[in-house]
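Order as written gives the chain letters A, B, C and D; numbering starts at 1 within each chain.
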Amino acid sequence: MTRITVWNEHVHERRDASVARLYPSGMHGAIAGGIRRELAEAAEVRTATLDEPEHGLSAEVLAKTDVLTWWGHAAHDQVADAVVERIHARVLEGMGIVILHSGHYSKIFKRLMGTSCALRWRSDPGGERELVWTVNPGHPIAAGVPHPIVIPHQEMYGEYFDIPPPEALVFISSFAGGEVFRSGCCYTRGAGRLFYFGPGDQEFPVYHQPEVQRVIANAVGWCAGGARGNDLPSDRGQSPSTKRDWYMQPA
Amino acid sequence: MTRITVWNEHVHERRDASVARLYPSGMHGAIAGGIRRELAEAAEVRTATLDEPEHGLSAEVLAKTDVLTWWGHAAHDQVADAVVERIHARVLEGMGIVILHSGHYSKIFKRLMGTSCALRWRSDPGGERELVWTVNPGHPIAAGVPHPIVIPHQEMYGEYFDIPPPEALVFISSFAGGEVFRSGCCYTRGAGRLFYFGPGDQEFPVYHQPEVQRVIANAVGWCAGGARGNDLPSDRGQSPSTKRDWYMQPA
Amino acid sequence: MTRITVWNEHVHERRDASVARLYPSGMHGAIAGGIRRELAEAAEVRTATLDEPEHGLSAEVLAKTDVLTWWGHAAHDQVADAVVERIHARVLEGMGIVILHSGHYSKIFKRLMGTSCALRWRSDPGGERELVWTVNPGHPIAAGVPHPIVIPHQEMYGEYFDIPPPEALVFISSFAGGEVFRSGCCYTRGAGRLFYFGPGDQEFPVYHQPEVQRVIANAVGWCAGGARGNDLPSDRGQSPSTKRDWYMQPA
Amino acid sequence: MTRITVWNEHVHERRDASVARLYPSGMHGAIAGGIRRELAEAAEVRTATLDEPEHGLSAEVLAKTDVLTWWGHAAHDQVADAVVERIHARVLEGMGIVILHSGHYSKIFKRLMGTSCALRWRSDPGGERELVWTVNPGHPIAAGVPHPIVIPHQEMYGEYFDIPPPEALVFISSFAGGEVFRSGCCYTRGAGRLFYFGPGDQEFPVYHQPEVQRVIANAVGWCAGGARGNDLPSDRGQSPSTKRDWYMQPA
């Protein structure tokens, strides 16, 4: 059983009629619904949003979260630094995290990447076609995913995307203008796993598309595969200077 | 359900009394037993050895194998090239493969790596202590593994080990002489996954050690996580020159 | 001073009038010319072709080659296995190698990669526009390269490209049809370095384009940066069993 | 000509007589001296320390620095956040950075890594033997380096070292106690390059050892190989929505 918290800043849906029409239950509703359908009994999904106390991400909630998904765009600055540090610590302990689309500029993603996370973009009112190509067919996140995924209308995100080179690159997208984008990127941070996924904009119904939901569910599964029972994190620190072979002693 | 074939050249056990005493059911017996105990109902384990027809690795067997484990040492040259090519093709299609210890010099490992796979070694009659340290605590292959694994008696394998840089490095070993060795290495080849694991010599009871069995079972699980249902391999080749947007056509 | 051997099968130029017109001195002539212009005094460039004895790649020539560039297409099978093994051994010793375009199906590339090296392609008579985007701006191979390089007419090469995940990915291309391709890929094999570069087809004047020449010259420079004076390759093999601290002994 | 700034907090040398005896010109003196000897005319080396205004790292100094080396231990917290952000921005623009030993806990290293950078250590009064093994013999940082480097007396630094998996791993160390440590790690951040090197403690004369000086000089050379003239960093941001093929327009 994987315990998932779907986080959404939930600002556009309440402010912009066009977004509210696309996502009447919020983007978190669509994302959570897709994960539930794909993972069924294997998942326990809750949601959390910016305006809840502690953004719905108290220490208790995070302690019971195996994988956190993150969508934010208009209100990155309103996320409290203390909550960001709490999430960061949990990732290093082994919690997985899936960063979606404009989450590339969130505090937590920049904190985990160590770079500016800037990218090139173009906001065409009608969007443009994005093709998502698999470049790592044996990766679990690509399981059952068409090659390419065709997303009819989407905001262009292009290179250079200022991220550390991914440890595994699963997807590369192209756009109608000819730009390319590393749109499926895997990382390890401490005992935790992170996946960045490019598709998904508040102005288009991308999170209702089954192939996109499949990728997100696969990503949740992959991120949940991190540390389980390994005692490393508590194991760090100074070793006794008098016994070099401390690992040979009975515990 | 993961279908596993445990392959062993099965030469030392029939030739050397010391090895026969350690491994009365063959090294494949010990390895298969460990996987069965760790994965229980999730695994279906068969074994195969060099002197069976086609080394027990017919097209039919490989077609029903999700993960192959490989131990060889004295008879690498006796493995038929046609069988090596068959295994190679199956790995690219998505079959996982776990290469154990002296399998570093097997034809299939060299074929998949593209390098000489040479290493430094020392055969002390009584062996020497190997410590296996985890350097990627969130990797599923390290789940539940002590830090370090202490192997009391083992042959020294040291750097430089002529392999491509691993895509993920899970374990590093040190030996009594002070040498180090990249002893847990992950690779992707086509849609298949490969794990190389250093410990395990015919002269020492390493494959009876529960922590080592745990690592092998974890590795089988990780390698089984490759391509499932993704239609990429059959999807390659020439695209029609008259339709650039072939991916928009109904199938 | 970097000593470079530019290898070309030199078949199309003598067979196809259209290619002869584009490359009157052979494709090797254009490639060598570009390297000479870019590296000037820092380079000593010779060429070699398929129909020379030993394909112009005798042990003597390879011993004096720091970086080999490779273009082949119609005659991969005519390259002698013994020459392939000789090149392979030199790469592991530290010689750099730059594989160009259709060289993806050469024996030496497949030997070094361990995969099928298959890809998707489309041969439109007039070609189509390729855009080459930099995704690793600090890599020396990208130095001074426009973002993107625009290649007006080129054959489409697309994913899935069956190669091991590159150790560093420098360029990603898109094509008029919307396909993407990992077109600038770095690898280490033994003490040698390899760079694969996608652009360049016999039917189009790609190797006369200054930006493409710049990339190839940069790649030669990067590949030349491999092993220099490190005594590792001769250092492998069995260590004396009686002295564990052999590295403390006077040489 | 590579312009290098050698930074040292310069606290231990003024506080502890044992350190002052080992490093009468400060650790920065020994480090700078080694780089000067190894790189000779190719390098212009200056030094900077914590108690200078802006820690000797004004915007002017950084603008003229191609590679910064960093040693700190007792006073990480006294480094001003504004200076850390300035260094961070310069790295993303293309400045190289070499982090030495206890610099693993510096603000700038943690900022660039995104992890805790914790490790295991043991402070034996007399230190213990460290062996530094090369695992990437073709990497320029290993050029001319013995295998292994024997450091007679050094503080133990061991795994788990909480860093992102290195993009290239050049060295692995072992210690008298049997611990291992990833002691030579390469990263890319934006257009800049980073190398972490483990050896070097204030209590031992490690930075006077010629092999260690060679590694540091090689690392400076590698880090200097980042972005030169590529126009990417200024090239990011929003693209005009009305012209999808902006890259085809005259500049």
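Convention: contacts are C-beta pairs under 8 Å (C-beta built on N, C-alpha and C of every residue); 3 or more make two chains touch, one makes a residue touch a chain.
Bear in mind the structure is a predicted one, so any value in this text is a computation, not a measurement.
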I need the common contact partners of subunit C and subunit D, sorted by label.
A, B
From the C-alpha centres, identify the chain that is farthest from subunit A.
C
Mind checking subunit A against subunit D and telling me if their interface is mostly the same residue numbers on each side, over half, or mostly different?
same
What is the distance in Å between the mean C-alpha positions of subunit B and subunit D?
36
Distance in whole angstrom between the CA centres of subunit A and subunit B is 32
At which residue positions does subunit C touch at least two other chains?
131, 134, 136-137, 147-148, 158, 160, 165, 167-168, 176, 178-179, 188, 190, 232, 235, 247
Quick one: in the complex, what on subunit B touches subunit D?
129, 131, 133-137, 147-148, 158-161, 165, 168-169, 172-174, 176, 178-180, 182
Can you tell me which positions in subunit A touch subunit D when the two form their complex?
92, 111-116, 118-125, 128, 156, 158, 160, 162, 164-165, 167, 176-179, 187-190, 232, 235-241, 244-247
Which residues of subunit D touch subunit C once you look at their complex with the stated criterion?
94, 131, 134, 136-140, 142-148, 150, 167-168, 188, 190-193, 225-233, 235, 247-248
